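As structure tokens, here come the structures.
Paired with chain B in one complex and with chain C in the other, chain A is shared by the two complexes that follow.
This part shows the complex of A and B:
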């Protein structure tokens, strides 16, 4: 997984690319989210457009990311959720906690 | 007395020779460095002392005719050696760190030579004032010239007489001046020492200062002070004192300079030193012995013969090589087997690094080696970080933050092209807008040492200037090149070792996880005439978090649990064990189904971190009524296939277990009929992939189960597993696969 990030309209947008799996991916995403919190960016969007695949650990990373943000008074939203990940979120009933949007702009507007 | 001379004369020769030779070698090593030039001059003058002394003892007896040798011009030249004292003072300003450039009155530094030059002049010209006075004798010719010259010669006579008077106390006065010089030199050396942090150089400077101080003390007590106080000392004592002073002082100076300047005392240097010493011993022996022996033989045979001379030369020729070898070995022992010698260093380095597999230790060893041998002030490391996939400038004592280097940094690119150590200023010409260059300049880096494994840049070492401020010479560069190769090998080994260690740990962990998993699974599913329950589970290589369980309620009813914990290996297995234990106690407490899952969820949320969770399907089957109550906590939907081929998915329930607190769980109840079957599975089945990266998928599973619904559960499982194995040939499978089938029979053997 590669992670690029930028700030748009005061919202931190993280764009992982490739497969979100365990190990270093978790560390990288985790550090990035903590960095956002430390820098006072409490609105974060994870853009999943370029994510090919996500295993159970990858899903765990998203869950802990959301928890991290919420514990720090922030919010984490998803954008460009692919069909595969959407069905994963549906089965696991995570759709009820993750706010997912069709585009980054839409997600930004929702804050 | 003769015996003492026999020993001291060759010794003077040897020590003088060594000092002269050292002077020559030091200047030759690098004439462009001021410290080398000054050290050379100092040792040259220091060497002249003993040489003149030796010459004095040899030549004197032969100067029988005319004036005594002590009063000859040549003998008085001996006083040149006093220039040792001002050069020593100069040396104390450049050693161990050249501080001369910062001194206020540095342009006047040569004035310190004045007293000794004056002394030399005084001795040469006025020791025999009559001769000089004679020059000023002017015949009373009268006239114009006489008028000018006569008063002049009169004045000059007085001047000469004045000098002669000065000469009478000359020894005491200049001894005192020289003593002051030595005191100042020791003072400056101690101050210079305070400026350096490197322990190695401090130790060397200490040796130097102590050696110098002791020898000066000896000379002061036996020569200078007696001269000052006009006390006669026994010549034996004086000779011994001079010898001791030469051995201690000269030895200390030679020792520290060799170790400081010539970290590599090269082969030629060693050989030459051995030649010098051997020749000194033999020449000294010849000069002293042959004369005496000749006289003895003449006395014995009453006739003059040259036999001793010839015999000695033959003996010398025979002994020369063995003596030289002995001395060579001695020098090797004294100078070469030090920690500072490059060959020793490299040998030790490769020995100490061969068994070290921790990259941090390897770096520490290298840093220490460079600091103690090449006397580099600081070493910074830039290494490729596998996890970050970036080059990182590692933290150091003075810069505690590590910094990541951008991949397209122009300086990094230039360093990637290097094959050998290169001064930073030469590479930086090609680097524009480089943040790395900025960082390195901040650390005052001078030399870059690339670490390359074939063409791949593992990282590089950034070295600051040498402790002494001297530039890196060709020898340093060569050795640094060898050290960097050694480092590359060690780091590569360390990485291979870490990989294999990681693999081993992983394998042990997998074995443990597999053990836990096997013990958690029910040995046998409940069995009855009225239903057929079969389970299948195949772990993946890394052991995922799949698990299933059947919990007996005691009244014929039982629970079916299928779950998939996040993660792999032991952590996943432990999470499974936790959930399983929790479920068993919840069943025993006869809690209501939705309440049960809520409790499990809260418990797991509270006891694990957020990324640890499990998807779980929990259902309770009552064979008597054929009712099935369930709640699905985020698990793949089990499939209900009716006898008529219709199907529905059991999705009702709530959030996966263990991620968020406060989750609520809905329950649902279905009634089953004969020939209906329930199919439970984990994502290892649906996510099996073929070569085109297509997944087996839920739809294929549903279709397969519907088409095979008339078969007994075991057969369905066998066929399905076979079908999936054809689809996804990876073995062992990518993820754990678990399948459970519950099929309802009519209880009288009419089911399938």
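This part shows the complex of A and C:
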């Protein structure tokens, strides 16, 4: 998994690419989310457009990011959730936990 | 440093998460050779990496001297994969449900639930010196 990130309209946008399956790759996303908190970014979007799939390690990282942001007065939202990840969010009922948008711009506008 | 070993339709890795991509590449390559569609390949890859993660962390306690073996085969149109570790196993019938309201925000505990949701069959067998999980899916 690779990770790029940028700030747009005061919102931190993280764009992982590839597969999130655990191990060192997953640590990168986890650390970046915590870096956002440390840098005072309270609005974070994870753009999942280029994530092929993730297993429960990936879902755990999303949950960790969400709770970390909320515990610090912030919010984490998802954008461009692919069909594969949407089905996992549905199976695990996490679809009720995350706010998801069809595009990064739409997610930014929702803050 | 120990490295993954591939012999025929089996890959053996030291119990370190850095080797998960090796397992994924091996399994996905064979599934493509079987003519499996990409959605099913993703489902199976999710489950295999899930179970190998469990074997590394919970079964073998991340001891690099212990191995996880993954074997794949196909009979008619059913793919069967076995994941074997050197741990003492787990009770698949008495895991907490990750979809219970009080568990929704837990970071862990969804792996086996996802595997059972995506696969047609999941069996756990306790061996004398390890645990073997077998998953099967029609392709």
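Observations
One rule holds in what follows: the second predicted complex is superposed on the first by the 111 of 111 C-alpha atoms of A that agree within 3 Å, B and C clash if a C-alpha of one lies under 4 Å from a C-alpha of the other, contacts with A are read in each partner's own complex, and residues count from 1 in each chain.
Quick note on the criterion: a contact is a pair of C-beta atoms (placed from the backbone, for glycine too) under 8 Å apart; a residue touches a chain by one contact, two chains touch by 3 or more.
Being a predicted model, the structure only gives us computed values, none of them experimental.
In the overlay built on the shared chain, the residue A:96 is in contact with chain B and with chain C. By the touch criterion stated above, A:24 is placed in contact with chain B and with chain C alike. Using the contact criterion defined above for the overlaid structures, shared-chain residue A:68 touches chain B, although it does not reach chain C. In the superposition on chain A, contact is made by A:59 with both chain B and chain C. Within the superposed three-chain model, A:4 lies out of touch with both chain B and chain C [touch as defined at top]. Chain A is touched at more residues by one of its partners, and among chain B and chain C that partner is C. Comparing which residues of chain A touch chain B with which touch chain C, the overlap comprises 22, 24, 55-57, 59-61, 63-64, 66-67, 91-94, 96-97.
In the complex of the two chains, the chain B residues touching chain A come out as 387, 544-545, 564, 566-568, 609-613, 615, 633-637, 651, 653-656, 659-660, 683, 735.
Partner chain B is touched in their complex by these residues of chain A: 22, 24, 26-27, 55-57, 59-61, 63-64, 66-68, 91-94, 96-97.
By the touch criterion stated above, chain A contacts chain C in their complex at residues 19, 21-25, 52-57, 59-61, 63-64, 66-67, 84, 88, 91-94, 96-97.
For chain C in complex with chain A, the residues that touch the partner chain are 17-21, 24, 39, 42, 45-47, 49-50, 53, 98-99, 104-111, 113-114, 117-118.
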